[in-house]
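Multiple structures are listed underneath, in structure tokens.
In what follows, chain A forms one complex with chain B and a second complex with chain C.
And then the complex of A and B:
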């Protein structure tokens, strides 16, 4: 259970955090990076980008060598602590967030992970990261607790005007459960089976949350190119379920999910003649626009899924 | 006697006599359907240990066959032949030939981790799927899957530069997996991406493809990672009884 003191403490802690954008937010997910920074600025939350960060290993490196993935993530945590002098690191990308959490778990529980991380850290010439030194949080935690939900209400200008939104969390935000010991703890902790942080924030921003059963379904992101037929099927399930639930927009919090939905929405039309019209938008873009930021400021024009005209029509921008 | 669950048995293991009379009773057709006796003599007693020696396969011995993995599996819902519980059973029993029947689909695990979340015994079935797919490739039962080709390209970039550039990963992958880059849906995607994109972003993207994003002071980490991976891969080959290729 979260006490009031915890709440005040977290608010102080998350006000200034180390920022780990990761490769996707520097590349294909630039709109996510842009809108995250814009929302942070608007809310007065400070981001200190980790200097010389490296890739966390994404979903691929572990298949070559799991301990290398742990090492890569540990180096990010080490830099956050020793170079950026922060004890909280915020990663908006589900993949990065997941891997930092996984590294934390492995370094706490697996001898081999600790040994390999120490060996490589020494050879690479930086401090070895010790589990427990840095807290990894998602952009959702950062806004929910760093700014506060009550306070956010006052920040909403215009709002989302009852926009029907399906919040889509994907796999890596909640699975596997054991790497997220802080979740499923009751009170205002996140649920791994029915996550709701994104729904909560978007409701405050004036959206209507639709009943969406595939919140944590898999988009096939790991095989988005290597097994595209499977990914197209999985994405189509998600798009069709969202539309059946009455959603006009799917809000995303993961660059792999987001680009997967965008790509395979097109591919489903081209290859299976299955047309879906639901828009795919990062939750930070929706929050930013609800606070009165322009579509350009939150990078809406750079999304592949074109929702600029739609938002205008809805009177949101 | 009629076999009610006929669909669960492979056709080649079922015999039906069209004309058969036993003790004066006509048991032709369905009434004389038999399951052929099968003797499995080609066990690979080391199979479980071999899979356990591959990254991700470490905890296979914990499985008690509850089926939570298959029940929760994303890929199983699309293809019932994709059956992690069954494969774990076969591996633990050493039934290599039976496992090899599914050699071309095991790599399709999408790593959604529903199984690992559901497993009451911490088998981490997702890891077992990856371990099994790699075992298939190392033993020469399958060529490198598209998934492996992608993992290799991605990991090479990470090790070389510290970071990846997603456009380059896409380009390299399509080339190495023998797929054309100019496919209708990719072209459409790029069109939609460019439309409405500010000139600055386009320049930034172009810049990234020419000057690959790099992590500063990365060389020492790169060397240490390469050294470690070489050691691990040699150990894995040894565990499978394969010659280590230098």
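And then the complex of A and C:
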């Protein structure tokens, strides 16, 4: 159970955090990076980008050697601690967030992971990261606890005015459960089976959350290159389920899911002649606009899924 | 039992009854277990064989929990449709059950066909021999 002291402590701790954008937010997910920074600035939360950060190991390295992936993630944590002098790292990308959490777990529980990390860290000439030295959080935690939900209510200008939103969390934010010991703790902790932090924040911003049973289902991201048709079918099913649930917008928090939903929405139309109209928007873009930031300021025009006209029509921009 | 291709064609073709949704989900999980040399359980969990099969599939392979919530939501929607058949939302509940069954069949079926990619993002396994990777890196 979270006490008032915990809340105050987290608010202080999360006010200034190390920022780990990861590779996706420098490339295909630039609008997520832009909107995350814009929302943080608007809320007075400070981001210190980690100096000289590297890839977290993503899926590619993990599939070849999980211990090398653990080392790569540990180097990010080490840099956050020793070069950026921070003890909290915020990673908006679900893949990065997941991998940093997994590294934390492996370094705590696996001798081999510790030995490999120590050996490579020495070879690379940087401090070896020790589990427990840095806390990894998601952008959702950062806003929810670093700024506070009550305070966020006061920042909403115009808001999302009953916009029907399906919050889509994807598969990496809550799984596997054992690498997220802070979740499923009751009170205001996140649920791994029915995550709700994004729903909570968007509801504060005025959105109407729809019941969406595929909110943690796989988007087919891992199959995109090997079996694109399968990915298209999985995404199409998610888009159709969201529309059937009444959603006008799918809010995302993962760049892989977001790109997959956007690209396969177009591919489904071209290959399967299946058209869906639901818009795909990062939750930080929605929050930013609800606070009165312009669509351009949150990078809405840079999404593949064109929702600028729709947002204007809804009176949100 | 229907093949994976037949199952995929079935869930993609048209809307199913609640019973058919559940059967499709069970069948794809049975395929998964048989492909991993395991005897599919006849047990039920919380009244559903679907949930028992999913649990069996995830034993020793936590990454298989990536489809746990889809199975649970399918069981939930099955209950909604069958326990309240006259409810005003039965049509949309059934449609959602069908989409859940479709996702499960496509997802697990896809994994059966592209096994060499390794496991899920959330718990991948090494494709190369550890020793090979380690010797290349000199560790």
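Convention: the second predicted complex is superposed on the first by the 317 of 317 C-alpha atoms of A that agree within 3 Å, B and C clash if a C-alpha of one lies under 4 Å from a C-alpha of the other, contacts with A are read in each partner's own complex, and residues count from 1 in each chain.
Keep in mind that, in the parts below, contacts are C-beta pairs under 8 Å (C-beta built on N, C-alpha and C of every residue); 3 or more make two chains touch, one makes a residue touch a chain.
Just so it is clear, the structure is predicted and the values come from calculations on it, not from any experiment.
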Three-chain arrangement built on chain A, chain B and chain C clash or fit: clash
Touched partner set for A:95, first chain B, second chain C, both or neither: second
Chain B versus chain C as contact partner of A:230, first or second or both or neither: both
Partner chain in contact with A:275 - chain B first, chain C second, else both or neither: neither
In the superposition, chain B vs chain C on chain A residues touched: B
Which superposed partner A:214 touches (first chain B, second chain C, both, neither): second
First, second, both or neither for A:263, with chain B first and chain C second: first
First, second, both or neither for A:75, with chain B first and chain C second: first
Touching partner for A:245 - first (chain B), second (chain C), both, neither: second
Listed stretches 25-33, 187-195, 205-213 or 223-231 of chain B, narrowed to the one that overlaps chain C: 223-231
Shared chain A surface residues [contacts with chain B and with chain C]: 59, 62-66, 68, 116, 119-120, 171-172, 175-178, 217-218, 220-223, 226-227, 230, 233-234
Residue numbers on chain A that touch chain C, as the complex places them: 59, 62-66, 68, 95, 98, 116, 119-120, 171-172, 175-178, 193-194, 213-214, 216-218, 220-223, 226-227, 230, 233-234, 237-238, 240-241, 244-245
Touching residues (chain side chain B, partner chain A) in the complex: 55-56, 74-75, 78, 108, 110-114, 116-117, 122, 124, 127, 130, 134, 145-152, 154-155, 158, 162-167, 170, 173-174, 177, 184-185, 188-189, 192-193, 195-198, 201, 204-205, 208, 213, 215-218, 220-221, 223-225, 227-229, 232
Residue ranges of chain C touching chain A (in the complex, touch as defined): 12, 62-63, 65-70, 72-73, 76-77, 92, 95-96, 99-100, 102-103, 106-107, 109-110, 113-114, 117-118, 120-128, 130, 133-134, 137, 139
Chain A residues within the chain B interface of the complex: 23-24, 26-28, 30, 52-55, 57-68, 71-72, 75, 116, 119-120, 123-125, 171-172, 174-178, 192, 217-218, 220-223, 225-227, 230-231, 233-234, 262-263, 266-267, 269-271, 296, 301-302, 304-306, 308
